[in-house]
Amino acid sequence: MNEVRRDLLKSGGGLLALVAAAALARPGSALAQQWNKAAFETRNLNDTLRAMGGTNAAESKDIQFVNPTPDIAENGAVVPVTVTSTIPGTESIAIMVERNPNMLSAKFDIPEGTDAFVSTRLKMGETSDVIALVKADGKYFYARKEIKVTLGGCGG
Amino acid sequence: MGDPMRIRASMAGDKVEVKVLMAHEMESGQRKDAKGATIPAHFIQNVTVRHNGRTVFSAQWGPSISKNPFLHFRFKGGKPGDKISITWTDNKGDKRTDETAVAGS
Amino acid sequence: MAGRRLAAVLFLAAIPFGSAAQDTEAAIQRYRDMLQDDSPAELEELKGAELWKTSRGPKNVSLEQCDLGLGSGVVRGAYAQLPRYFADSGKVEDLESRLVSCMVTLQGFSPADAKKNPFSAPGRPSDKEALVSYIAAQSRGMKLDAPLSHPKEIEAFQIGEKLFYKRAGPHDFACATCHGDAGKRIRLQDLPLLTDPKEAQKIFTTWPAYRVSQGAVRTMQHRLFDCYCKCGIRRWNMFRRPSPPCRCSWRSSPKAGK
């Protein structure tokens, strides 16, 4: 919210600009933080892709799962997953667990100047493929890796 | 306003490397307690990282991110002493912002 | 619960013998190594560091004057030299007991209040768990060197040794039942041989640790509590049987199914 106000003031908007900024920043508007509810409720790759605005995705060897990403996780509650993309123009990396109740775990936005790299930790309910879905220059690409899980991580 | 995050920001070549641990239950909403009642979902939905007035990294999370989430990423354009600010907001409307300075290489 | 056990048993049965089994063990070790850096335990250590300096209790005083064995307020290296005999309390105390003593004498808590809530549960943090995480971290890298010279320390050792071999509870288990022979395992978990000084030193120094399955830092005291609980041994039934069922979890037990 602060940065919106600053920009409008810089362009000489004055009081009117401040009022406009307050109106624009109401929840639900474009400036409020977005959380793609539909994408987090899907159960397969195609539905997730569609919820994110894509139509099809090509498998790519330029998306890699790197250390730390285990082959076997002793406990599905905490599974490190690290993804890197060398596809030019990578703008986002989404991580999905195919056999989780809802596939999408996270979506990371990669602005200009930020590495197309992310490492985080997921919950996996059972042995499953983990899918990294990359959006680059408006097109979608993906890679898969199977991670075996010895103890379900969803509380079951 | 949850517990503080542990943020480590240091130089790795010409990039700032950030590793952050956040204190959050990340309750999926799938578990039941001893009485059989579902424990309500409580998880971070958005993470925003800012440096010099711009967003250098952001994320949308679902409940399948692990409890006490970890995040590691790198970006160009920062130097030792610069402030990195990280904010999370969760599905209950809680939010937390922590800052750190980039350590020297 | 049964579903989980079955899955674990099936997984165990599916591990072939020989080098493939070793590959699996190596893969699991790699997984454990991956979680060493940036462990969520660091969050608990931060909380403990803050609590150490926070004024609390009826006397509204912090714990900063607490003597953990190396002098008033000295935290660095203290955990590595516990348990030990303390003249002011006249007892051999481990870190948790010593924290309780300091909470009573310095902060004015009643002993009952000081002992409350030793282990955290979702939505219910534990002050002692955080303090132990912080204090133990200040001994990281140091050799475990608890003293064994004072008559009370030697007496405590002898009582501990007796308890290690004492069979009790509905299964007639002693610590030695699982930890007194080499090469034992419960499902996928190797059981350390605690009568071997090298192995005991190695294992004891892995606590406190962030336990992924609990989503919390757990201490040696919790480990002992959990062992006794799983063996069906309660304090009051240590010397008689049978014992009632024990809920071996300080957090809400999740029901089966997602």
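A, B and C are the chain letters, set down in written order, and residue numbers restart from 1 in every chain.
The rule we apply is simple: a contact is a pair of C-beta atoms (placed from the backbone, for glycine too) under 8 Å apart; a residue touches a chain by one contact, two chains touch by 3 or more.
Being a predicted model, the structure only gives us computed values, none of them experimental.
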Outermost chain relative to subunit B, judged by CA means, is C
Averaging the CA atoms per chain, pick out the one whose centre lands closest to the mean of every protein CA shown.
B
Using Cα averages as centroids, what's the distance between subunit A and subunit C in whole Å?
37
Taking the mean of the C-alpha atoms as each chain's centre, how many Å separate subunit A from subunit B?
14
Subunit B-subunit C separation of Cα centroids, rounded to whole Å
29
For subunit C, give me the residues that contact two or more of the other chains.
215, 254, 258
Would you please write down the residue numbers of subunit A that are in contact with two or more other chains?
77-78, 80, 101, 154-156
Which subunit B residues touch at least two other chains?
30-32, 67, 70, 72
Under the touch definition given earlier, write down the residues of subunit C that touch subunit A in their complex.
3-4, 7-8, 11, 24, 27-28, 30-32, 34-35, 188, 212-213, 215, 254, 256-258
Contact footprint of subunit C on subunit B as seen in their complex:
3-4, 6, 19, 21, 23, 25, 27, 30-34, 36, 39, 67-68, 70, 72
Touching subunit B in the complex: which residues of subunit A?
3, 33-36, 39-40, 77-80, 82, 97, 100-102, 104-111, 113-115, 117-124, 153-156
Which stretch or stretches of subunit C touch subunit B in the complex?
38, 40, 42-43, 46-47, 122-123, 215, 247, 252-255, 258
Partner subunit A, residues of subunit B touching it in the complex:
15, 26, 28, 30-32, 45-46, 48, 53-67, 69-77, 89
